[in-house]
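Take a look at the structures below.
Two complexes are shown next, each including chain A; its partner changes from chain B in the first to chain C in the second.
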Partner chain A sequence: MNGYGGTILRVNLTTGTITRQPTPEAVARDFIGGRGFGIYFLTSEVPVHADPLGPENKLIISSGPLSGMLAPGGGKCDWTTKSPLTGGYASASMGGHFTAEMKYAGLDSIILEGKSEKPVYLFIDDKKVELRGASAYMGKGAIDVEVSMKKQFGEEFQIAAIGVGGENQVLYASINHDYGREAGRGGVGAVMGSKNLKAIALHGTGSVTVANKDAYVKAGKALYKACKDADNIAEWTRYGTTIVVSWCDEVGALPTRNFQAGSFEGGKTLYAPVMREQIVITDKGCFGCPCPCGKYSNVKKYKTEVEGPEYETIGMLGSGVGLTDISDVAQANLLCDDLGIDTISAGSCISWAMEAFEKGALTLEDTDGIEMRFGNAEAVFAAIKKIAHREGKLGQLLSEGVKRASAKIGKGTEKYAIHIKGMEQSAYATHNATAMLISYMTCDVGAHHNRAWAITYDLQVGRDKVVPEKVARVIWLQNFRPMFDVLGSCRLQWVELGIDRDLYVPLLEAITGVHRSWEDMEKTGERIWNLTRLYWSREIEGFGRDWDQPSPRFYTEPPATGTTAGQITKPEDVQKLLDMYYEQRGWDSTGHIPPETLERLNLKEFSVH
Partner chain B sequence: MTATLRPIGHLKSMVNDQAEVTVPSGISVREALALIKVPSELVALVVINGVHTTDKDTILNDGDIVKLMAVIGGG
Partner chain C sequence: MRLYADHSKCSGCNACRVACSLNLFGVSNPKMAALIIEPHFPAPGVYEVKVCTQCGDCAKVCPVDCIQQNDKGAYYVVQEDCIMCGACVPECPEGVMFMRAELVPNTAWECDLCGDCVEVCGTSALWIAEKA
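Our next item is the complex of A and B:
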């Protein structure tokens, strides 16, 4: 098949069996690749109600037809599994170079199943695939493992590894690659750890056939030219995602002390120019990227180096926990990456614990003697280490995520456990931003921002307005934006540089030989979105409307300070948004997909009801 | 005595797709944005003569070239 590696590699950790199967043409036709492949294999192969941390669950790593090709940012890799954090669908997108190397090794998906008796790592060098003992790597940081393996096998090998957090199956453990690129959300690292798989070392030297080489080169060059000609490429490259810190602070979207407000009085010291001047030493890009947004930092205060922090980390482990020194945020970022836990969920759990401590719901006995107060950097560092090691009362409590932690502690702390579906909300405060709120409420993995970043739409049409147009915008974004995760390339060139998305159409056609307009791909996106919803319904008894509810903080507690002081989304508007959303999606009022919608989307074969 | 605003991306569509708009100097960036009817909260980045500022109350001087970038995706 043009544009594909051609092989699905299946690794059974229980038996040590390694098998290859040709990538099914029908799956490539209907699901294209990346997260499309992920949800297809998850739904088709993982038994209903499988234990997320048991051998029956699978971890599915997928490239897409643009991965490793002449496409700006063709380095996106999808990691799909049943989430141990939420019990539902998890799909984490990781940048870097891993997915390109997969393609060159001829692999479209790597499906990890079973559980090894002893710690192992997976070694792939083109056709040579082996499980090797990993005892020497156990207990080591994810970045340390990457450094060691690169030394041992060579720089051309791409490494994905878990840290101590993954080994200990922290429910939001991440997988590190390329010294700070993370498959971060939903606990994919915990699933890898549950299989006793410490790392994957991967190298490929093969080529990928394309349908029309001349058209491929022409279309690829046109995309790169559009990126290079973008008016804002210099600024985007200089600051990356950190550009939005100041903007979020200005408009009241910057999470401040566990989302108690959306503007942070100490925010200015976290702004992009300050970070660039104080700690950034170079830009760092993923495979084939013309506008490298990763920032590599040298943190003199701690004598450390780290990729980042990105906006999300600054929001969750900076303003979210009350830190004002960008060096402290960078150090917290490094600890999370190396220990292997998601910075967003970790930040949320720590900020929840700080609020609970300051309100008296947690005591020094609960926190192992740590003064969990906002602004205490040492407390943040100590908590991260405890979480990754599941050490002490605090580490045990926070390693399970904020939903479980607050249920265990009670005392009203559930009201400020900021999550949806059990996933901690990422770094946009939504006190008065109804499009972004419904985006979070209906996101297919839990409260994550990247499916439908609709907060600008709130500002364009009026942030408190509850109108069908907002919901339609969110649905369009949910169908469209994740298609980049299907194609295996970065969406930021379209989002940030504003290049014409139609430039991707001839490229994809030249690579695969199949013409797909964006209208076609949005239909695929809609089908995939609905399949992820079916997965939630299948896995969770009683799943439905209750699972789409946001934290009450956003409709009961107006911030006391900042741009959004006194502003709140009305509780009735939250439900109105959901009603509109379900109606426009063709779902019933309980949030389930009725037979006629399944029929329209040709999804009946995946329904278990 | 004027400054030149250069809106980028979808901000340009708010000024009839003009690449440049001239405003009087001596007013703040925020006032200049109001003058050309671009909502201040949609502007993420202001670059004056090549230097990034996060302060929209900065006063524009005669001859300033001001690049205005729209808000972006954040990750």
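Our next item is the complex of A and C:
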């Protein structure tokens, strides 16, 4: 099959059985790859109400038709599973070189099933696939494991590993690859840990066939040229995602002390030029990327190296916890990556604990004696270590995520547990940004930004406006942007460099032999989006409108300081946004997909389980 | 003319190596490229790029004279004449004369200065210029 590795690799950790099946042509036709494959296999194969951390859950790793090819940013790898954090759908996108290597090993998806009795790692060298004992690696950091395995197997091997956070099944444990590229969100690392799988070492030497080589090279080069010709490529590449720190601070979107405000008085020392000057040493790219957002840093203060911090981490483990020194943020980033926990959820949990501590809802006894105050870098480092090890009262409490932690503590702390569907909100404050708010409320994994990064549209249209156009924009972005995760490539060339997305159409056709316009792909995107919604409905008793509600902070507590001081979304507007969203999606007022919409999207076969 | 690389600008993306393998063998396979990116991570955190300097040491030892110069002055392997003796590989001071029978069973290979790597490099880490 042109453009594909051609094989779905199944690894049953319980029995040790390894099987290969040809990638089903119908699945490639309807779901294309990447997160499309992920939700297809998750919905089709994981039993209803499976325990996310039990052997019945599966961890599905997928490449896409652009992965490993002459395509800008063809290095995106999808990790889909049932989330232990939310109980619903999880799909974490990881950059780096893993997904390209999958293609060279002939693999479109790796499906990890069951649970190993003993710790193991998965070794893949082209057709040679083995489960090997991992006792020697247990308790080690994810970065240490990568160093060891690269030394043992060679630089050509690509490694994905969990840290102790994954081993301890912290509900937002991550999977680290390429020294700082993470499959971060939703607890994919906890699922890997629950299967007793410490790492995957992967090497492939094959080539992927294409439908029309000459057209492929021509279209691939045209995309690279468009990227290189973009006016802002030099500035973007110099700073990567950190370029938005100052912008978010100025417009009141920078999470400040657990989203109590959207502008940070200490923010300027976290801005991109300061970071570049103080710690960045190398631009680090994912596979095939002409405009690498990865900034690799040497942190003299701690004598450490780390990829990042990127914007989200600066927001959540910088301004979010009140830190002003970029070196402290970088060190917190490194601890999270090596210990294997998501920087976004970790930052949210720590900032929640700091607010609770300062308000007296948590005491020194609850925090194991740590002064959990905003701006205390040592407290941040200590909390990260405790979370990853599930150590002490604080570590136990925060390792379960902010929804469970606040439910356990009570005392009004639920009101400032900033999450949706149980997933901690990423780094955009939404007191007065209604498009971004509805984007978070309806995101398919919980409060994550990257499906519909609509905050610039708020500024364009009028941030407090609640109009159908905003909702339509969010739905369009939700249908369209995740298609890059389906194709196995990065969206940032389109988002940040503004290259013409139609340039991808001839490339995809030359690779796969199938013509798909963006209109076609948006239809696939809409179908996938609805399928993820169906998954939530089938897994969670009583799922519906209540699960799409944002943190009350964004409609009851106007910030006291910063650009958005005194500004807030009206409670009735939150519901109005949801009404408009459901109507435009063709869902009913409870947030469920009615039969006629299922029929229109040809999803009826997936609705009965 | 020869290919030059600035390590400090390389981000390790490997687009150059995909383009290279497409030029040399018509496939997308960075392991069949004629330049090397050696990542040095986690410390010191730099990418080392190794490229052909067109020194010609490979051609001097080829027993069947299958390493010729093209119209750009670049040494290249006449694939049908290569006997896979491997004599050229250790002669290359940069380590960019390749022979990997498991990947390409019938020939050694090296940079022929096609320039496709330069074309796709987004960070201007590669360029072709006169030999110094």
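As a working rule, the second predicted complex is superposed on the first by the 608 of 609 C-alpha atoms of A that agree within 3 Å, B and C clash if a C-alpha of one lies under 4 Å from a C-alpha of the other, contacts with A are read in each partner's own complex, and residues count from 1 in each chain.
Keep this in mind: contacts are C-beta pairs under 8 Å (C-beta built on N, C-alpha and C of every residue); 3 or more make two chains touch, one makes a residue touch a chain.
Everything numeric here is computed off the predicted structure, so don't read it as measured data.
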{"item": "Clash-or-fit label for the pair chain B, chain C on chain A", "value": "fit"}
{"item": "Touching partner for A:K228 - first (chain B), second (chain C), both, neither", "value": "second"}
{"item": "Partner chain in contact with A:E155 - chain B first, chain C second, else both or neither", "value": "second"}
{"item": "Partner chain in contact with A:Y271 - chain B first, chain C second, else both or neither", "value": "first"}
{"item": "Which of chain B and chain C A:G64 touches, first, second, both or neither", "value": "neither"}
{"item": "Partner chain in contact with A:G5 - chain B first, chain C second, else both or neither", "value": "neither"}
{"item": "First (chain B), second (chain C), both or neither touched by A:T456", "value": "first"}
{"item": "First, second, both or neither for A:E250, with chain B first and chain C second", "value": "first"}
{"item": "Residue contacts on chain A - larger count, chain B or chain C", "value": "C"}
{"item": "Contacts of A:Y311 with chain B and chain C, given as first, second, both or neither", "value": "first"}
{"item": "Inter-chain angle, chain B to chain C through the CA centre of chain A, in degrees rounded to a multiple of 10", "value": "80"}
{"item": "Superposed arrangement (fit on chain A Cα atoms) - minimum chain B/chain C Cα distance in Å", "value": "17"}
{"item": "Residues of chain A that lie at the interface with chain B and also at the interface with chain C", "value": "none"}
{"item": "Residues on chain A engaged by chain B in the complex (per definition of touch)", "value": "231-232, 235-236, 238-239, 241, 243-244, 246-248, 250-251, 268, 271-273, 310-312, 427-428, 449-450, 453, 455-456, 459-460, 491-492, 495-496, 498"}
{"item": "In the complex with chain A, residue positions of chain C that touch it", "value": "8-9, 11-15, 18-19, 21-22, 26-32, 38-39, 41-47, 102-103, 116, 119-123"}
{"item": "Residues on chain B engaged by chain A in the complex (per definition of touch)", "value": "6, 8-10, 39, 41-45, 47, 52, 54, 56, 67, 69-75"}
{"item": "In the complex with chain C, residue positions of chain A that touch it", "value": "68-70, 72, 75, 97, 100, 104, 143, 147, 155-156, 178-179, 205-208, 210, 213, 217, 220-221, 224-225, 227-228, 233, 237, 281-292, 294, 296-298, 305-306"}
